[in-house]
Amino acid sequence: MFVGERKLETASLHLIDFDHDSLNEVVGATLGQCLHHLPSPTVTWVNVSGVHDVALIEALGQGFGLHPMTCEDIANTSQRPKWDEFPNYGFVAMKMLEVDETAQQVKIEHVSLILGDTWVLSFLEDEGDVFESVRARIRSASGRVRGHGADFLAFCLMDAVVDHYFLAVERIGDRIEMFDDHVLNDPGQVEIQEIHRFKRGLLALRRAVWPMREVVAAIAKSESDLIRTDSRVFWRDLYDHTVQVIDMVETSRDTLASLHDTYLSSLSNRMNEVMKTLTIISTIFIPLTFIAGVYGMNFQYMPELTWRMGYFVVLAVMLVIALLLVVWFRRRGWL
Amino acid sequence: MFVGERKLETASLHLIDFDHDSLNEVVGATLGQCLHHLPSPTVTWVNVSGVHDVALIEALGQGFGLHPMTCEDIANTSQRPKWDEFPNYGFVAMKMLEVDETAQQVKIEHVSLILGDTWVLSFLEDEGDVFESVRARIRSASGRVRGHGADFLAFCLMDAVVDHYFLAVERIGDRIEMFDDHVLNDPGQVEIQEIHRFKRGLLALRRAVWPMREVVAAIAKSESDLIRTDSRVFWRDLYDHTVQVIDMVETSRDTLASLHDTYLSSLSNRMNEVMKTLTIISTIFIPLTFIAGVYGMNFQYMPELTWRMGYFVVLAVMLVIALLLVVWFRRRGWL
Amino acid sequence: MFVGERKLETASLHLIDFDHDSLNEVVGATLGQCLHHLPSPTVTWVNVSGVHDVALIEALGQGFGLHPMTCEDIANTSQRPKWDEFPNYGFVAMKMLEVDETAQQVKIEHVSLILGDTWVLSFLEDEGDVFESVRARIRSASGRVRGHGADFLAFCLMDAVVDHYFLAVERIGDRIEMFDDHVLNDPGQVEIQEIHRFKRGLLALRRAVWPMREVVAAIAKSESDLIRTDSRVFWRDLYDHTVQVIDMVETSRDTLASLHDTYLSSLSNRMNEVMKTLTIISTIFIPLTFIAGVYGMNFQYMPELTWRMGYFVVLAVMLVIALLLVVWFRRRGWL
Amino acid sequence: MFVGERKLETASLHLIDFDHDSLNEVVGATLGQCLHHLPSPTVTWVNVSGVHDVALIEALGQGFGLHPMTCEDIANTSQRPKWDEFPNYGFVAMKMLEVDETAQQVKIEHVSLILGDTWVLSFLEDEGDVFESVRARIRSASGRVRGHGADFLAFCLMDAVVDHYFLAVERIGDRIEMFDDHVLNDPGQVEIQEIHRFKRGLLALRRAVWPMREVVAAIAKSESDLIRTDSRVFWRDLYDHTVQVIDMVETSRDTLASLHDTYLSSLSNRMNEVMKTLTIISTIFIPLTFIAGVYGMNFQYMPELTWRMGYFVVLAVMLVIALLLVVWFRRRGWL
Amino acid sequence: MFVGERKLETASLHLIDFDHDSLNEVVGATLGQCLHHLPSPTVTWVNVSGVHDVALIEALGQGFGLHPMTCEDIANTSQRPKWDEFPNYGFVAMKMLEVDETAQQVKIEHVSLILGDTWVLSFLEDEGDVFESVRARIRSASGRVRGHGADFLAFCLMDAVVDHYFLAVERIGDRIEMFDDHVLNDPGQVEIQEIHRFKRGLLALRRAVWPMREVVAAIAKSESDLIRTDSRVFWRDLYDHTVQVIDMVETSRDTLASLHDTYLSSLSNRMNEVMKTLTIISTIFIPLTFIAGVYGMNFQYMPELTWRMGYFVVLAVMLVIALLLVVWFRRRGWL
């Protein structure tokens, strides 16, 4: 269900340098180009696709003055979401989540973000399009992002990740809703394994979102100079969003649990129905068949067999027995 | 089960301006009329029905000096309940809940409230009558609301919303009570899907009430000038009410869980009953039918068949077997 | 299960005024008599039976200087337990619980207490005898209550309520203990609905006791002048008692849950037993009956039928089959 | 399962007075003897067996200067574990637990401890040997206890009680381990009621140990002069022990829960096995028996009966049907 | 499942003394050799294999100035993980965990660590290779460990232990993943006891890791001089790792719980399938067999038997009944 093995052996850099008036974009930039823009007061954003190129990450680390442990955390794709403050930058580890159309498959990607005073580094495992919307907004020169500093850009990038959580939880939620209809109306056609898959998807979401909430809260409350006072309102808003995702995940989990109980109950119910049918048919016909068997015996001396009305008396007795049993079942509420 | 798609394309404004002595009410007011009353010391309440009219909300936002993010939160109907303090106003997001007669359907509506020093804005998704009771109290010139300020009006509006929670939880509670009787007295007629629907209703209530508690607590403890000291006692009372709703929701959930267990147990019990009946009948008659079958075989040489008393001996043997089995079942407590 | 509708339309006042040396008791007192004793340094206790007499409560409220919201809380019988401090008095809302002999019915009553400097007001929904033990202690002139102030009287009244919780939880506990024996020794005779009733009773207790704990803790820590320093030790003791009730309720709940699991398991076990019996009998006799059926066919040419030993060979074959099946069942551990 | 009714009507005192060099032990001491040793700087330990002798406890209370509520707490055998500090002494209430060999029976005893500056009072419900190990260490003149003060003696007594918890939890743990083997290897022989008894035993342990942890933590952090600074390390160690007992109890509970689930699953599994056997046999033979029945009918005109090969054709048809059904069962994975 | 009995009667010491430039390693060192290196500013690491050699541990304790309770904690292999600060050293108790290939067996080992200013003592129950990787890094003269002090060495040793947790949880996780496939695709072949074993393994991990988190957090926050400021970043990193292990354990537990539910559901489902097959076959053939039985009776006067078409009419009636039953099953969705 989870896919964690894709690796880009050679990473590629995507450089965007902008302020309110100017914009400079280089796809497939070199490290030198990136460092060239660093001292300027414009916002410098370098996006790195492919975190398995250890040499490049170390070179970037030296160029941007990163602690060796930060470089390790960038490359460690099983790192939990966290926020680390260093004297000259802040480090954010996050998880990107993508759920496919049928909510059966969850793709988890490790995303790192480094926020300096006038620069932002972002690291993706893969060439993804999660930040494409942010790039579009920068290019269009409209929107708030061009007029704000590096911290607002970092906020936009994290916001883009959290927006993906919404997408994921909504997709799963929609499938659960469909599943709900199924269980209530046609439990016979339900594949119970689906519930297990949804649960695993929600589990993956939880593992990503719960620590993300801590991360955003820590940033919103951080006293670091990197986070400008007037952009705190945005972080608080992002915090609200992560709480809302958690809320939705928990509600989906509760709904799923209730659905599972309902499914099991209706299964039990149907089993009861089946067993009752079997029992009624068996209980009525087994004694009758026994009587027929008795008069099918070949003893030479069986007085009833020679009676003129014997056959009809036996048929009548059978009928009476059957009717009595039916009445008895009625009384017990089985019919 | 949830309905979230109704939209009023064009919003309508309902203006009420009052103090202890005067009352001014305009249905379908213009923005200009609303802003005209703003500077006066009287309490100005503008109720907006329809939050999807983005243009109007932005115009209102500019007129009343609202932050752009507040305007976004008003229009975002999936916003969680929250309390945000701004320098010149406070923002409350809430959820209105309505449960239909049979407790099968829950309607959720996003309600926003903005509390200024002498004015209150309220936003509904739809033309609803939730605030009609407050309007009636204002018009009647009696009651506390005319003599108090804008914060007391805001309290009344929130109180009206919380009163709807009571209604909702009581309606679900009553249905659960009815359901309870059913399960205990006539489990065969129970529709287990009901439990799932109740659970979803209670889940929706929880999602609305738990954050509402935080909101009310935050307002009660707020040090903002908007909340007058002498009206704090009312907020504390409202807090008590939300806690009570939570209490009722949790109790209903626990009752429901216990009911579900009871239902499953009685289902198992009935299954046991059914299987025991089948087993007793089968176990008694299957061996007897076998014996009858044996003497129904057509072998030319079967000595018993020619015995004078053969038939009666076999019948007696069958009777003895049947009686022994009945005794055995008695001993095992099955009869 | 819960009874909440009894109302006394006309309330009656019971006045007791005492100090260490004197005692004044008036059954069916007038409001005037009550207020007459108020200014004296003696402890004045007015017990009001019947909280639905709104006029009387308002009159009392004015006489004793109560806030309008306190009067509302007294009359609101669904008010949660709470402790509210006002400048001149403290307000306690509690729940009285009575469980009938068979632990099937729980009666919940709203009890309010108002503690002034030298006076105590208590409000019952009904004419009950919960405070009779306190009255007896006052009348007997012995015991601590005569020598202490109003706060100790309030403690005694609350202690009497908590003592009723002990009674309730013990009564339910005893029934669960009996039930326990039943489940372990004779699960066939168990009525599973009992468990549901016990659970509801414990749920009612929890709803009453958990907030009661908060109330008592708040009073014990209160810095109000109403609570004398030397009586704090009694409130702490009362706190211990409420914690102990909670402990007992939770233990009963856990025991009940374990009992329910055990019951279900033994049900499954019995079902297994039943099914095994059916399967063994059926599996042995169905093939034999088939063989008998084969030789009961009326084909003109069936060579076996004419064999001299045919009948006995078939009987022997049947015996062998039956024995083989018995051996097979033994091997599988079914016999 | 719990035994709480044993009472010693007449209590007996056991006095030990010691310091590093001297030792004075009186079995069946009088109150006077005990008080005689009180003022001396040696450690005076009085153990009281039998807490139902109210007169004696009151006399002791007066002699040692105990608060009346302490005396009540000593006699109240349902008192929860707690630590109360008074100006001149500290009061500890504890629960002693004994589990019998088969872990079926749990004996709970109320133990109280009073720690003065140079004296310790201990109260047992019964004449027990829980403190015998401590006495032995005092008598042997070796070990730390002779050289330390009263607080170290109190620590030793509490340690002896906690050691009994270890014994109890280990005994239950061992039985669960045995039970585990049973469930995994021979679920048919398992008595499910055992699980219920283990759960009740662990519940009793929890009720005793959880508050005990609070008690020990409170003493370790207490700023009272009664607890010497250099003995705090022992209290911290005792705290570690209680946490470890809790840990073991919780692990046992989790193991038990998992075992119960496994048991139920294997029960379901076996039921499936049983039902499959029944279904396979029935489904193969019921149609065959029907065919045999058809040709056992006595109609005068049944053409097949006169065919020369009729019998063999029918046998062949039966064989084919049986084989087809076997193939079908194989395909479905039932065989 | 757990192995706790291995003991090395005679312990062996492994001494490594190093600084940035020099390295001194003695396998099977004497206590004297160890103490000889103690005063030097180089880092002295003594690893003791075998904690049951009480005499040696006491001798070490005296040589290195350990508190008697520390010596007890080293030898007590059931000691919970903890961090104790003493004036001249810090004591860490940990659990080593090893899971075998099939994740069926968990080996738990008690590991103690003592951190002095320039020396580290480590204690293993057994001759293990858990610290071999650290030794290799020291010997290779590369890596950070040679250049740092004793606290960094202690960090490396604890890190090696936590790395084993990752291994353990990953091994169990992989087996659960395999198990998952089994349950979803071929539930008939699943051994439910596996789930119980995984749960016990995860329980053992939890018991080791949860308190380990506290330990690492306490060290990271410790104000002791033993922990240098510049090595705190490593402890924080270790803390992240323990949290991650906990995360993985909890996720595995949730997955396991969901798997168990899915397994039970699919078991119920299959049972339903089996019962439906039995019921359909029985319900169709039992009435037909009865009819055949009736016409197999030997009454002398049974008019139908003499009818020319009697046989064929009966066959036709049987066919009609069978078809009607098939239609009825179709309607109920059983076919």
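First chain written, first letter: the chains are A, B, C, D and E, and each begins at residue 1.
To be clear about the criterion, contacts are C-beta pairs under 8 Å (C-beta built on N, C-alpha and C of every residue); 3 or more make two chains touch, one makes a residue touch a chain.
Here the structure is a predicted model, which means the values were calculated and not measured.
Contact with chain B and chain C alike is made by no chain in this entry.
Considered apart from chain D, the assembly holds together by touching as one piece. In this assembly, the C-alpha centroid of chain A lies 41 Å from the C-alpha centroid of chain C.
We define each chain's centre as the mean of its Cα atoms; on that basis chain D and chain E are separated by 25 Å. Counting partners per residue, chain A has 264, 268, 271, 275, 278, 282, 286, 289, 293, 296-298, 302 as the residues that reach two or more other chains.
Residues 67, 69, 78-80, 82, 188, 192-193, 195-196, 199-200, 203, 207, 260, 263-264, 267-268, 270-271, 274-275, 277-278, 281-282, 285-286, 288-289, 292-293, 295-298, 302, 304-311, 314-315 of chain A are the ones that touch chain E when the two sit in their complex. Residues 184, 233-234, 237, 240, 243-244, 247, 251, 254-255, 258-259, 261-262, 264-266, 268-269, 271-272, 275-276, 278-279, 282-283, 286-287, 289-290, 293-294, 296-302, 333-334 of chain E touch chain A in their complex.
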